[in-house]
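If you scroll down you'll find the structure; I have some questions about it.
Chain naming follows the written order as A, B, C, D and E, and within any one chain the residues start at number 1.
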């Protein structure tokens, strides 16, 4: 729940601003900007802090933290990013999307929250020979890629900027898949719990789990469309090889969308089972009450009858009177028991 | 709820009129018409009351209040608006829409109710070098734009009429986003309330909240289609730059539509949790009744047994008889308590 | 409900007939056929009983009542209507539809039931310079149009046959809008009732209201498609002006479809609130029972204890014994009250 | 229900067969094959048992019963049907479909169960001048067509083979319409029953009715698509006239699909009303219990109080003591009654 | 349920791997790789263990078990499979899909679990004159095809590699149909159980059955799209004849999708009926309690009245006093019985 409460009225902040105005509208404290430049070509890999443009090799400029707006704008201008693109970078509540500009391709994605970092927005820009990634916070999502880049003769090192762009997207989408797997696991756990011991769970828990599924579903719902756009974009920056790999991500996106739908439906079913368990519980409670009442209320009447203070009552003076009544009671109980057995209440 | 009751049978009023007949079919008292003309070009901005046509610069004629039909028609004729367009202006229950006419583009939007003004219809017309906006009531939604226009060298001042048209639409759509944010906040509040203290809320509250979401959803549902139409319209009045900006509004419209869908589903879930809380409450009430009844009804029978007036009853004369019965009672209670503990009712 | 019961097994009647067979398959008693011919051109309007063909001006032949099949067929043949069109006229359970024939355009619509007339089918035919309308019963839906036609220089009088065709359709669709408005009003009324005093309504009432909404929705669902067909038909009988006006009807059809969807969803919500009110009522009933039982059943046991007829019972001979028990009872009640207060049952 | 149980594991039987293998996979006992040939041209009609090919006139070969596979295959070969078509004929659990082959058109339909015959599959084949119909069982669905064929100068006799093909399809689709009408009638009956006397019906009845609607809906769902295929097929065997008539069946298919959807939704509503009636019933049962308990349990306590065997109790010796208690009881009852009246429980 | 638990966090394992990395990500213990080569042409069939390439005839290489990655890669290289294809083979949690490569066509399918084997992935590759099938485990699904291949002059033996490819797919899809049939049978069984003896089933059972339907539906949902892709692919490896046969599988896929939808809806209805049976049961339990309580509680009060120890009570000394009270009791019971009968509670 907590990540939702972090963004109260984002749209209010931005209301009435001219389009293209660069104001950070996120809700967490802005992180210090840190810039890393990876420069590589087949057989070569270099990494440096900060950024200074050179022409050789493929470039990946990795920016984390949005505090130093001026520096980010400077780098963006080096790559001739449009103002609208930049505005998207700083409005950290964007829907996932892909935009085609004249000299580059931009993708807006979201990195899920991990133990250390909150959910954050990631902007990717792909141009000729360069990739620019701007994230709100530092995270170790891309570390495996850095390692692959640094490995001489690795596929990624030998590949185009488009290949790197693909790998970055792939890492992000993989996160969603892992999250979906976790949700599935938790769904199965809930399912089992509801079936075996319904009283150990409750409706709010199920509801919150469903809300989490809905949130993942909503966040990732534009993915399919995005990948279709990319696959059809015929951009010069995406070589045929990369397009082929992107099809794989598209498969993942389809899987994700179906998974979310199935999870949602399953959780609805779990809620239904939980509610029916409440009903069954009620039934069993009422049965106990009814059995006890139905057996003892008539008996109480019987004893009440002989508790009356009439001068003459039959059998009151006989020594076996009391025992006769007790016998009657036992008889009534026996009959009742047989009756309830017949009705299969026991 | 109140804004819905204001329009009882709008369609009845208009029934049987010839198309293009100018009759105001709104339901609130018509506001006095007030006309403001903004004239600007890059580096220049002038504002005047009323309207007189001149050729220079870009023109924004801002009309609020529909009372003075004759004056509005006069101005409309100056811009050669068709009668159908005018009819739409005065039928203040229109669906959001965009229409292309030969010499201009029209958009029918709705401004949400604020503290001072009720929900109202806004008609926007975009022609060569001019924008005409006709609203039912005065509101301060567009004040930031007026300020931007008055700022020398501002983007808006330097931009085309299409740019202004975009800005006006943007302001209106921003309202919807803010409203959606508010509804999300309220949804989260309701969610928390239902989870932590379900008795502090009730079904009608949840239902009314859902109705509000449905209303926003329905009102804004044509937005996506409208923006697709605009983006594909290839109108001469929308330059490439403006079209690019309109894509941003389209993103907002998509976000809005998904947000409404998710809110609706979440509120359905909240209702479900609330209903389950009613069931759980019932269960706990019934448990109390059942435990008390099940413990005391048998005891009452026991005492009733010895309350009978038989001449000879066993142990009645023994000094320990009464204490034996009391002991029996305590035993029964203890057994029952153990039984209910086993059944985890406590 | 009653209008549904009027058509029990319409399709049975028609089963096995050759296509184009003219058999009236409606379920109400056929009305006497009455024929009115309106002849007009700009500045001229004449009306006569019956029909005889002439070449001048625009013609509107208005037939009501399907009894005189032979006469209707005669007139239809004058306009060279196809047999299939005629079959549609006499099968009065058609879905709304538009068909293009070589020499004319046909539209099958439905006029809603009013106080005097039941729901009926209306067939419109548009040819060069003529419109033929065939309705099952007389109704005053088109009277405003007749008045407009009779007004010299009125738009309708000056317009083409297509314009009249549009006006007729517009009148019919306006009915649907008015009906939808009525349903909305009734929905709001139901909503208020369910929220403020749920016991004053019941599930069947809500269900029947929903059924009415579903019926309107279903009847009007083909409208959107029909108007899209008309707008794309490029028929020679629909001039550009009329097409423009038809777009307005299309807007209405979209509004109608959204309205019906929202109403349906709102009514589902109302049902939910109503059902939850039943649950809440149950809860409050059970609370009363539980409170009373929980307080008095233990007390009854207490008194029962001292009602036993043992020879020696403690305190029975003390003068304060009775008062002590009464005091105990009051104590128990007080404790119970505090307990229930704590549980917020009061 | 019974027609569903007839086909237990149809797909198991066929599993692993080579495509085109002719094995009857229906589940009812195969009927004896009977072959009737209708030969007609305008003004001539002849009917004979069995089949021998000749060139003159239009031919309708009507086969019922699938037992004599060899003979059916022989006839099929005469018309050069492909093996796959034949396989479809013998796999009597096909989805409705239309296939285009080089020299003919095939349609797989289903005839609903009547009093005498179970639900069965009907395969129609349309070629140049001939129609071949193969049904699982004899039925009288097509008798009216035979009569029309035999009528000299009738439309059908004068028409093409395509016209006959249309008439056969029309007959089959008419069945579905009649079935839908029946289901609507039954739905209305159920609706009335649930509203007026809910205890006279039960959930399984409503569920089974819904299941029947779902079954019809599912069976006929491919119809729309089939007719669109046919209308677009531009087959040489379907002349323009027939295509025109097929549009009529398409209208019926649309009607059917909407009808089924509305019925389904209505039945869901009926279930809801029924369930709410259970709740209301429960409420009224609980009210009775609560009223009785709430009135008498306190009274019983009161009498219990004076049933105690203390030596000194106030008023016990007064002659009016008993009457005072009785008066108290009446007072308590009166107060309770007023209380419940206020709460509108009565 | 168990097959779901076997794959806990598949996507985690694969996270961060370079695309095309060959790591087995399934969750069951890998089976020993076994390779069988079927070589056939019309009139000839040979089978051998292992694989060595030759040019004559059509080839079907059947690999089961993924343990010997090196050997599989070797064979794959012989057929010039791309690395991505191979990756798909080893990631055994793929969505059903079809991919077109330059020199072959690949299909990823799933074989359902049988008694001996768990659910497994099957990868099919179709090239010129060869088919390669790679399955996770041995199963006897394809044995009938082997037998057909070995039969001289059989269609399959005489057909192209595409024909074999079709047959393999057909076998797999047939499995889904059989599974759907089984689910339908079980659904009917559940339906009957819920209707005739609802207490013999419970919500979790119904829910699990629904989950199974959802699982089949989700797994097979890509089938329609896959077959549309295949049918439109115009691959050189699929001759016209095979495409025709594939249309049959497409029909099956459509049937499957509709079947799953209907089953899902039916199971939802069954749950509804089950829940209503809980309500009805509750009603009947409450009726028993209410009847007993309502009859005996007033009687107990009556007897309590005469159990009071007042000195003077009316009729206490009369010999008929006791009998009068007993008569009163009988009267009250009789009146109550009549009352409940009237209310139709019995």
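Details
In this text, contacts are C-beta pairs under 8 Å (C-beta built on N, C-alpha and C of every residue); 3 or more make two chains touch, one makes a residue touch a chain.
All values derive from a computational prediction rather than experimental measurement.
Note on connectivity: the fewest chain-to-chain touch steps from subunit C to subunit E number 2. Common neighbours of subunit A and subunit B: there are none.
Each step here moves to a touching chain, and the least such steps from subunit A to subunit E number 1. Taking only C-alpha atoms, you rotate subunit A by 145 degrees to land it on subunit C; that is to the nearest 5. Although subunit C and subunit D share one sequence, what matters here is the overlap of their interface residues, and that overlap falls short of half of the numbers used. A separation of 41 Å divides the Cα centre of subunit A from that of subunit D.
Centroids built from CA atoms put subunit C at 25 Å from subunit B. Counting partner chains per residue, subunit D has residues 275, 279, 282, 286, 289, 293, 297, 300, 304, 307-309, 313 touching two or more of them.
Taken together, the touching pairs link the chains into one ring where each has two partners. Think of the chains as beads on a loop: from subunit A toward subunit B, the beads read A, B, C, D, E.
Residues 144-145, 148, 154-156, 166-167, 170-171, 174-175, 177-178, 180-182, 184-185, 188, 191, 194-195, 244-245, 247-248, 251, 254-255, 258, 261-262, 265-266, 269-270, 272-273, 275-277, 279-280, 282-283, 286-287, 289-290, 293-294, 297-298, 300-301, 304-305, 307-314, 344-345 of subunit D touch subunit C in their complex. Contact residues on subunit D toward subunit E in their complex (touch as defined above): 1, 4-5, 8-12, 14-20, 84, 94-95, 97, 99, 199, 202-204, 207-208, 210-211, 214-215, 218, 221-222, 271, 274-275, 278-279, 281-282, 285-286, 288-289, 292-293, 296-297, 299-300, 303-304, 306-309, 313, 315-319, 321-322, 325-326, 329.
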